[in-house]
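Read through the structures below before going on.
Below are two complexes that have subunit A in common, paired first with subunit B and then with subunit C.
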Partner chain A sequence: MDALNAVSNFISNVLPILRDLLAGLLNNFLPGWLTEIVMSIVSISVFLAFATIVVMSLTLVERRVIAFMQNRLGPNRVGPQGVLQPVADVIKLFAKEDIIPANADPWVYRLATTVMVIPALLIYAVIPWSQNMVIANLSIGILYFVAISSVSVVGLLMAGWGSNNKFALLGAMRAAAQVISYEIPLVFSIIGVAMLAGSLSTVDIVNAQRVLWFIVLQPVAFFVFFTAATAELNRTPFDLMEAESEIVAGYHVEYSGVRFALFFLAEYLNGFAVAALATTMFFGGWLSPVETIGNWFGWNLPPLLPPYAWFFLKTYLLFFILYWLRGTLPRVRIDQLMGLAWKVLLPLALANLALTSIGLYLYRVITT
Partner chain B sequence: MNADSYVAIAFWILAIGMVLAAYAVVALPRIIHSALALVLFFFQIAGLYVLLRAEFIAAVQVIIYVGAVTVLFLFAIMLTNRSYAPDSNPANRQWIAAGVVSLGLLGTLLATLGRQTWPTGGQVPANATVLLGQLMLGPFILPFEIAAILLLVAMVGAIVIARES
Partner chain C sequence: MQTDWGNWGYVALFLLIATGFAFIPLVLSPLIRPRNPNPVKQATYECGIETVGTSWIRYYAGFYVYALVFVVFDVETIFLYPWAVAFGLLNWFALIEMAIFIGILLVGLVYAWKKQALRWW
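Up next is the complex of A and B:
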């Protein structure tokens, strides 16, 4: 039994254990500060490799799923079932010429990709893959997400303006207006969850859901969060800023090769981060549903999968909803877009906040 | 190398970066570049707050100044016709007047700040954000509520404007 526990402990904490092992090894022959630097570089490389693989898998699954919904086959030629298609795509994008338009502002044009990608990577610092697998358990975790994701608006505007192209500028303007409007209901929907958990830290929020997932207590907040987040991600049905039939491809119309690939990467990284945060805030994060339901009836059920596997499973299922929306809904019009944010989502989020406050107060009065 | 020297290194990187960014805001010939340098400047201020262990203020700094204020600047500038002009942030010949004002301000700041003894709070409590919230909803409830009502009115106003169209 002890051996079994040791194995399951190793599997659930595989990354922290490996990290400590490597740091211990390096400490034998390197000074402390150099070990720290080497370990940081190793951690960042592991994370970047992981992020790239996740994005590649997301693009492939998206194309296959959308194809299935539209009664097509999708990419299925490169490798078995097309699993190597993303590799081929990446090679193609890297081999293409990196074009800078003659009238573009070269500095702003080049820096825009960086300003888009770095916030998308930084968001992952607060995502709790399991109790011990979080890069930085900040006391302001959720607020950090809001802050960092608001930076990407600057990147959008830089790309749109820097290209010196009217379609790119129009796309960037639409995107910026959309992201700013939808940020307000998004933040209001997060406050409800933070109030229930009594903390902004992502780890604390997951631990507060050991008995009941917040999706049961905050369904309206989840609806508002997911809708607003879809709009912030500029995904269908809110992809007005890259509406092909109206403004070609929006803010990244002039970009080619590696820079286009980086925009693509940022977009999918943001999408996965939003799904991961929805998992954290509403679906119990890394907690096993088997264990949680077992606890209601006093049974002692095993968690079945390691915590990070549950986290991934839930996040991919939530990301699937984004595919599903794309396969189902037509694009909204620009006037409907602002109306939805200000007239539907914001009042809903405010009402949810008021109800949550009253409910929380009544709960405290009853229990004390 | 202890924690304090890391903080010192980070502080000097941020301090030099901030001065350069602030200078770029004034000196760059294109107004969009100035606005982007301002984004960099605001971001580095958030870095200073992080060094002071004021994470909440740092996050709010980024949300309000980077995510809202400068985005509004960029938006407004990009809607103007001359935003692509190479001389949209022109220099003028008022450098004598500007120098007098700047030197006066510098002198005042040095004179007052030099005589100040700065209290150091010691260890920052781990739950600083919680304490901040308790202060805002406790002793400082009145200013907090006034600001909240102001923002609520602005938001309702936005909804009313959206409804009219």
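Up next is the complex of A and C:
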């Protein structure tokens, strides 16, 4: 039994254990602070390589899943079941000519991609893959997420403006209006969770859900969060800024080759981050549902999967909802889009906030 | 209350590495991609015929109204976050206070709504 426990402990903490091993090795011939810095660089680089692979898998799964929903096969020729398709895509995009329109503002045009990608990566600093697998456990983690994710609007506007193309500028203006409108309900829906957890740290929020996931206590907040996040990500049914039938591809119509690939990377990184955040805030993050339900009845059930595996499973399932929406719903009109944010989601989020605060207060009065 | 400067150090390091990561493709790709620009290729894409004028023009004022309403509510959230975190330590007075605060902002929302600022023309 001890051997079994040791094995399961190793599996659920494999990355921290490897990290400690390497740190111990480095400590032999480096001063402590340097080891710390080298180790952080190593773990961040491992994470970045991993994030690229996740994004590649997301693009392939999206194309396959939507193809199946639409009664097609999707890409299935490159490698078994098309698993090498993303690799082929990346190589193709890398080898394409980078066309900069003669009328464009060259520096704004060039910098836009970078301004999009960096915040998309930075969000991941606060995502807790498991109890001790988080790059920076900030005490204001959720606020950090909100702040960093809104920087990408600047990238959108730079791309639209820098292209000097009417479609691109229209797309960028729409995107900016949409993203800032939906940011309000998004931010308000998070407050309910912050009140329940009494903390903004992502690790604390997951630990506060050991007994009950917040989806049970905050279903309205989850609905508002997920709808607003879908709009914030500019995904169907809210993808007005790249409506092919009206404005071709929106803000990235002039981009090609590697810059287009970077826009894509940023988009999917943002998408996965939002799904990961929803997992953290509403679905118990890395906590195993088997264990949680077992605890209600006083049974001592095993977690079945290591914590990070649960985290990925939940995140991919949430991301699947985005595919599902894309395969199902038509695009909304722009007046419906803006109306939904300000006249439906914002009042809903405010009502949820009021109910949560009153409910929490009454709960405290009753229990003390 | 413990400070987490160490964690912000990780974020700073992450920012540096992420910046490097964002530039790697831009540095590597020129080594393998072709480069032969010509005026037609570099023309602004529109619909097949040449574009008329620039696209840097005056813009629809509706976007500005939305931006204004956004600023009002976004600033409000800065006050709400610390309140939400500290809610467990506060008494009923904090609840009433926040109700008044949100009430005032709701009046603003209703005003904007009635003035048709939230309508897309």
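Rule of thumb we're sticking to: the second predicted complex is superposed on the first by the 361 of 368 C-alpha atoms of A that agree within 3 Å, B and C clash if a C-alpha of one lies under 4 Å from a C-alpha of the other, contacts with A are read in each partner's own complex, and residues count from 1 in each chain.
FYI, a contact is a pair of C-beta atoms (placed from the backbone, for glycine too) under 8 Å apart; a residue touches a chain by one contact, two chains touch by 3 or more.
Nothing here was measured: the structure is a model prediction, and the numbers come from that model.
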item	value
Fit or clash - subunit C, subunit B, common subunit A	clash
Which superposed partner A:Val108 touches (first subunit B, second subunit C, both, neither)	first
First, second, both or neither for A:Ala136, with subunit B first and subunit C second	second
Which of subunit B and subunit C A:Arg210 touches, first, second, both or neither	neither
Touched partner set for A:Val153, first subunit B, second subunit C, both or neither	first
Partner chain(s) touched by A:Gly339 [first = subunit B, second = subunit C, both, neither]	both
First (subunit B), second (subunit C), both or neither touched by A:Ala176	both
Which superposed partner A:Arg77 touches (first subunit B, second subunit C, both, neither)	neither
Touching partner for A:Lys92 - first (subunit B), second (subunit C), both, neither	neither
Touch count on subunit A, higher of subunit B and subunit C	C
Segment of subunit C intruding into subunit B (one of 5-13, 23-31, 41-49 or 113-121)	113-121
Subunit B and subunit C contact sites that coincide on subunit A, given as residue numbers	138-140, 143-144, 161, 164, 169, 173, 176-177, 180, 183-184, 200, 335, 338-339, 342-343, 346
For the subunit B and subunit A complex, residues of the former touching the latter	1, 30, 32-33, 36, 39, 43, 55-56, 58-60, 62-63, 66-68, 70-71, 74-75, 78-79, 83-84, 126-129, 155, 158-159, 162-163, 165
Residue numbers on subunit A that touch subunit C, as the complex places them	37, 40-41, 44-45, 48, 94-104, 113-114, 117-118, 121-122, 125, 135-140, 143-144, 161, 163-169, 173, 176-177, 180-181, 183-184, 187-188, 191, 194-195, 198-200, 248, 253-254, 257-259, 261-262, 334-335, 338-339, 342-343, 346, 350, 353-354, 357-358, 360-361, 364
Footprint of subunit B on subunit A - complex, ascending	33, 105, 107-108, 138-140, 143-144, 146-148, 150-151, 153-154, 157-158, 160-161, 164, 169, 172-173, 176-177, 180, 183-184, 200, 335, 338-339, 342-343, 346-347
Residues of subunit C touching subunit A in the complex	4, 7-8, 10-11, 13-15, 17-19, 21-23, 25-26, 28-30, 32-37, 39, 41-46, 51, 54-56, 59-60, 62-63, 66-67, 69-70, 73-74, 77, 80-81, 84-85, 87-88, 92, 95, 98-99, 102, 106, 109, 113, 118-120
